[in-house]
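In this document, chain identifiers A, B, C, D and E correspond to the written order of the chains, with residue numbering beginning at 1 in each.
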Amino acid sequence: MQTVMSIAIDALAYGMVLFVISIGLSVTMGLMRVVNLAHGAFAMIGGYLASYAARDLGLGYAAGVLVAIIGTVIIAVPIERFLYRRIYGAPELTQVLMTIGITFCVIGITNFAFGPTLKTIPLPPSLQGSLDLGFRSIATHRIFAIASGLVVAALLWFLIEKTAFGIKIRAAVDNAAMTAALGVRTEIVYAVSFAVAIGLAALGGVLGAELLPVEPYYALRYMVTFLVVVSVGGAGSIPGALIASLLLGAIDTTGRYLAPEYGEFFFYLAVILIVTLFPRGLAGRLK
Amino acid sequence: MPAQPLEVTELSSGYGPTRVIEDMSFSVPAGSRLAVLGRNGMGKTSLLATLAGQTRRFGGAIRLGGRDIAKEPSAARALAGLGYVPQTRDVFPTLTVEENLLVGLKRRPKTAVEEAYAMFPRLKERRRNLGSQLSGGEQQMLSTARSILGQPSVLLLDEPLEGLAPVICEELMEAFSKLAQSGDMTIMLVEQRIQSALDFADHVIVLERGRIAWQGKPQALAADHAAVERLLGVGGLH
Amino acid sequence: ETIKVGVVGPFSGPFALQGKNFKAGIDAWFALNGNKVGGNDIQIVYRDVPQADPARSKALAQELVVREGVQYLAGFYFTPDAMAATALLQQANVPMVVMNAATSAIVAASPQVLRTSFTTWQTTTPIAKVAKDQGVTKVITLVSDYGPGIDAETAFKTAFAKEGGQVVESVRMPLSTNDFAPLMQRIKDSGAQGLFTFLPSGPPTLAFVKAFNDNGLKAAGVKFYATGDLTQESDLPALGEAGLGLQTTFHYAVSHDSPENKAFVAAAEKAIGNPAELSFPAVGAFDGMYVISKMIEATGGKQDAKKAVEAVKGLSWISPRGPVTIDAESRHITENIYLREVAKDANGKYYNKEIQTFEKQGDPGLAFVKK
Amino acid sequence: MTNLLDVQSLRKNFGGLAVTNNVSMAMAPGDRVALIGPNGAGKTTFINLVTGNLQPDEGRVLLVGEDVTERKSAERVRRGLVRSFQVTRLFYDMTPEEHVALAVLQREGTAGQMFGHYARRMAVMEEVGEILDQLGLTELRTLKVREIAYGQQRLLEIAMAMALKPKVLLLDEPAAGVPQSETNRIERALDSLSPELAVLMIDHDMDLVFRFATRVIVLAAGTIIFDGLPKDVTQDQRVREAYLGSYANAGTAA
Amino acid sequence: MAVPMAHQPKPTLSIGKRFTDNGLLGVLAILIIGLLGYFLVPNNLALLTQIVAIALLVLSIDLVTGYCGVATLGHAALFGAGAYAAGIAAAHFGVTEPLTMTLIGLVGGALAGLVSGLVILRAHGLAQLVLSIAVIHLFHEAANKASGWTGGSDGLSAIMPDPIFGMFEFDLWGRTAYVYALLLLAVVFVALRLLVRSPFGMLARGVREDPIRIAAMGASAHSVVLRMYVISGAVAGIGGALSAISTQVVGLDSLSFTLSAEALVMLVLGGVGSLYGALIGTVVFMLFEDTLSAANPFHWLTIVGALLIAVVLFAPKGLYGTGLAVAGRLKRRPS
């Protein structure tokens, strides 16, 4: 029983970290219909900025998070303006080509500028150490990640489903020309959504850094993980991404516990099963 | 003399390198109802799409209330008072009926959607349905209602009656007439049902291969059997 | 005359750090010894294989031989890449100096292969003794599920059994594992007093060690044993406090205290730019260059692979890592293996502190190579 | 004599909405039926249920006596049940010629052939040419469909249905968006089909409906409220109110 | 042209037309460019051979992605299956005759195509992409586990193909392998040209655009794509076998996500939905990558990234597609 509880907690913690890191991608892929393979690259930029601010400048963790989000968004603005704007509404494969290209560039530049070693973001004392749950302990930063994940999920859900802006962005994705013909400035809507998605990527990069350490190849290393979470959840759906993260976290964690040597089989067979049962994602928007 | 709500001079446009609209000039007085007729593929849709900023323009001016909007993007034209109901309806499939209507509100309060429901009670019943789950006629109603909610000064309608039941068609045409006669709205209508169009309009232009081949009063067109036969391919009008 | 040496390694992609160390080791060798051997200039031609990709490795090796006209092939971070290129050696009349790839079987693949790095068997075997000496009799092994990991598992099991210890459980972890928390639960449930682990150096080691600490295993007194891949110097700053006290066995520590090493480290740090990035592949490359220079000397710059290889069989010298010999029979390097512990120096820098030496270790894995 | 199509007590609910509510009808060879009714009455849904694009909650569909309720839509097509779509579904990167050729080949069972080009097959090309000619699409035969006007796409939709030589043809608003000058092409095309064929047509163009139909079915809120001769339908009070409006007064029933 | 086809004389095609139609022009181009490569870079035939092997993989992706609209990031499974099939036959069963090995690779690839097709076709769009990722990981993991057969992560070596027809040895310079590769490519190309222009090819394009429409014509979209998947597997399998024969090793990377993704990138670079696009994309990408990584093994990735971005900006339909469009525009202008 204790073991089961313990695994459940690990699963929850891992799932929420997956969620925080992937949710920005769900916004770009589901709402903006851009297959943004450079998501990891932006998360990584966030990680580097936070590491630089918190460790090298000694500004502390909270400042690091802020610098990461704001800095990454600022870096992303010209990229959106000159590159992404060209691929909105383009065939998916064209988007793949462009965003992979961006990723390669980011990897190369990071490698050149910061070198290939791992970068860490020092945790504040309040997030270090672990919390004793009686039968086991759990790292405090994971509890923080869980909480942040829930807050992000709620805010994002509200923004997309309940506000006028949310409606405009969804309309623009369905049919940009028609949305414009109704008087919506789609470029602005797109730019803002992109900024939100990038901010989330940066946040995820920072919060997840304890599990997925920041290094130049980060940008590609976890791409598949992000893609799987988003697609299983159904791109563009916040609840879907949340459920998918938790479910995949649980499958991965139990698989790794019960039969680590077949963990990979376990995980991907489960993915196949889920996708076959829910071909549109757990809560996917209709195409 | 106040500027015409819509004035088009020497407009040409098309898709990619091909020209579809050639050198077109006309103007529409305030509160009038202009019908655009023509056979298949003559450029009616292209003309409206060009006015709405959805095709590639090669040259010419489009004045909306005196201001040249030809170089402005689609959204700016809409905000300047141009409404557009495309032939393909272009309902947003993943948005609910209500959300579809909200997109068209521009800067009006949310409560304004009730106006649309008053016009089409059927939409109110289906307000929580997704756009993709509507019947063809319901989509048509939604597309029209969505544009009218934006209170355009010039409304471009591309075959708004297609797929609607006869009763609804009558009601809708009446509603359009009222809107136009109140002077708030100028309407430009493309329609296949020639009789309905002529009953509705106070001015008609007929397109042939991207050019204006005939223009004048509806009664004059009805009387000009030769032109009707040649340009519209129909024997006679009753 | 110019003698070209082709070096194949991961210079971009996820393992770029290791390739960078190859280059640093080679540059250090040139800095200390110049690039002339008996009137011949040595020129290095680098080729990039970012991830294990034998087909690409072989195509590049072939290109190096045929087009660039290299007389020596060297480098090779991954076993399959090295294996793929061995097939060419005889026809090409070229010796190959493996500067990293650590599977025992490579030297058996062709009589023209030499190795100046280590094998997983070689670095793993001593730690079994360390564990036994510290009174640990029950160990759980956790290794990454790929060739080197499986080598490490077998090596540890074999050695630990010889010491009379018991491996209570052996876990193989997929390479893609990000979250090690569930495995920590397994360690707890196994009742082992200690664990032995092998992971490829880089991000997973960090996550593994953090999980070990965060899940209270360190606090519970579970002993942690690994090979030095886990605490390679370039990862230590990231591991930080979490790494303190980790015990690993390996052939080389940047901190090794000897004049040869001081000179090497100074040159290599300069070559690599950022001293924090210096790690073990550099020393493999450095010694590889030494062996190549000896071969050039022996052949007078003429292309004669057999003669060159013959000349360095049994060659002994003092490497930055300590005294080493190219074993005449296996052509693999015999070297000291050190037990080290992660410690913090006066400047707050983390390093591997050598605390015990196992002298003149050969490769126990050779006995298991299928002929 | 067996009916070509026999639909028995079909039901379909979307959420709480009963879109098809116990609908039964049958068609015999040579039938020309018009299905009319207010917007959202469930006409398109009915066709989707019959063709297998939707699964009914209850009820059966018999095609030439065989129960096809469980069959996939492609199998029903191969048995002769063909439809057109209200919102055109065409291959936007292919030409009208290719569309019709594909339909002809599919009917012949040679669409799966992995060699040879359709343009080399005389018989196929001849048939394709005839069908395109009949619908006035000859001039457009080598343009990409995305480049032709909407009304012409509608005609192509019908051309494809004809090329499949169906036994039962279901047309969902075939004339919507087609100019008056061209609707007679549709009529002529339909006339040219086998007299044994049963056709069901949905359309809101009453002139066309009354010229075409020998029988009219009116669907409202998922239920059949009228099934009879065209001349009687304008007299039906409910139909007048719910659907026809002043059209009934014009009395143009042919 | 208002005259309906039916009134025209028999549609016999002129010899020239037939020539271009059947892709004979393409084959000629392949052979000429290939031989040019032989003479221009005689010292790097191993690379050219590898390009041909990957080109076969890219062509096979084009069959399902370009012609059927299936999104896949797992196509290396088919290539790797072919490579391992041929490799295992040689290393464990002593089947070292190159043509036989190629045939075994073809069968292995086709079987893998069938298996992955059955899985991948259970969903559409993004979900399908995820299925393809799952498939490639399962294949990869299976090969890693079955190290007794595959050599696991150390790779399968000891593949020693016989001389072709007992006459042409696989030498250090890779001449034999290259000529063999070119001939294979030419044969496959002709077959695929016929295939994509056949009624079946047309059906496949229809599936890509609208599977529901295809069903409404009485054809089964699923069966069309599945058949295409098997054919695609055969093509990729030939590529895999060629790689195994010419490099004499098979590594786990031949079954990897990375290879799948890279091959897809090459296809998009060249232009999806055309066989020429697939070939051009592969050649340009691999030559570019090789030249750059030799010139600067440390930072070439950045430049490749920049190339991909530039292609999207300036040649959004891929190199071949955009080339055609530009050529079309130039041709139209004078008239």
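One rule holds for everything that comes next: contacts are C-beta pairs under 8 Å (C-beta built on N, C-alpha and C of every residue); 3 or more make two chains touch, one makes a residue touch a chain.
The UniProt protein names, listed by chain, are A, E = Branched-chain amino acid ABC transporter permease; B, D = ABC transporter ATP-binding protein.
Every value quoted in this text rests on a predicted model; they were computed, and no experiment measured them.
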| item | value |
| --- | --- |
| Chains in simultaneous contact with subunit A and subunit C | E |
| Chain at maximum distance from subunit E, centres defined as averaged CA atoms | B |
| Higher-contact pair (C-beta pairs counted), A-E versus B-D | A-E |
| Identity of the chain that, by mean CA position, is farthest from subunit A | D |
| Inter-centroid spacing, subunit D versus subunit C (mean Cα positions, whole Å) | 73 |
| For subunit D paired with subunit E, centre-to-centre distance based on mean C-alpha positions, whole Å | 42 |
| Between subunit E and subunit B, distance of the C-alpha-averaged centres to the nearest whole Å | 49 |
| Interchain centroid distance [CA atoms averaged], subunit B/subunit C, Å | 74 |
| Residue list for subunit E, restricted to those that touch at least two other chains | 141, 299-301 |
| In subunit C, residues with contacts to at least two other chains | 12-13, 16, 20, 145, 174 |
| Subunit B residues counted as touching two or more neighbouring chains | none |
| Chain pairs that touch, as defined at the top of this document | A-B, A-C, A-E, B-D, C-E, D-E |
| Of all residues in subunit C, those that touch subunit A in their complex | 12-14, 16-17, 20, 142, 145, 171-174, 176-179, 181-183, 185-186, 189, 202-203, 206-207, 210, 214-216, 234-235, 237-238, 240, 273-274, 276-277 |
| Touching residues on subunit E, where the partner in the complex is subunit A | 65, 71, 119, 122-127, 129-131, 133-135, 137-138, 141-142, 257, 261, 264-265, 267-269, 272, 299-309, 311-313, 316 |
| Touching residues (chain side subunit C, partner subunit E) in the complex | 11-13, 16, 19-20, 46-48, 51-56, 58-59, 62-63, 65-67, 79-80, 83-84, 86-88, 91-92, 103, 105, 109, 145-148, 150, 174 |
| Subunit B-touching residues of subunit D, taken from the complex the two chains share | 14, 37-41, 43-45, 86-87, 147-152, 173, 176-182, 204-206, 241-247 |
| Touch list for subunit E against partner subunit D, complex | 1-7, 10-11, 13, 21, 194-195, 197-203, 205-206, 209-210, 212-220, 224, 227 |
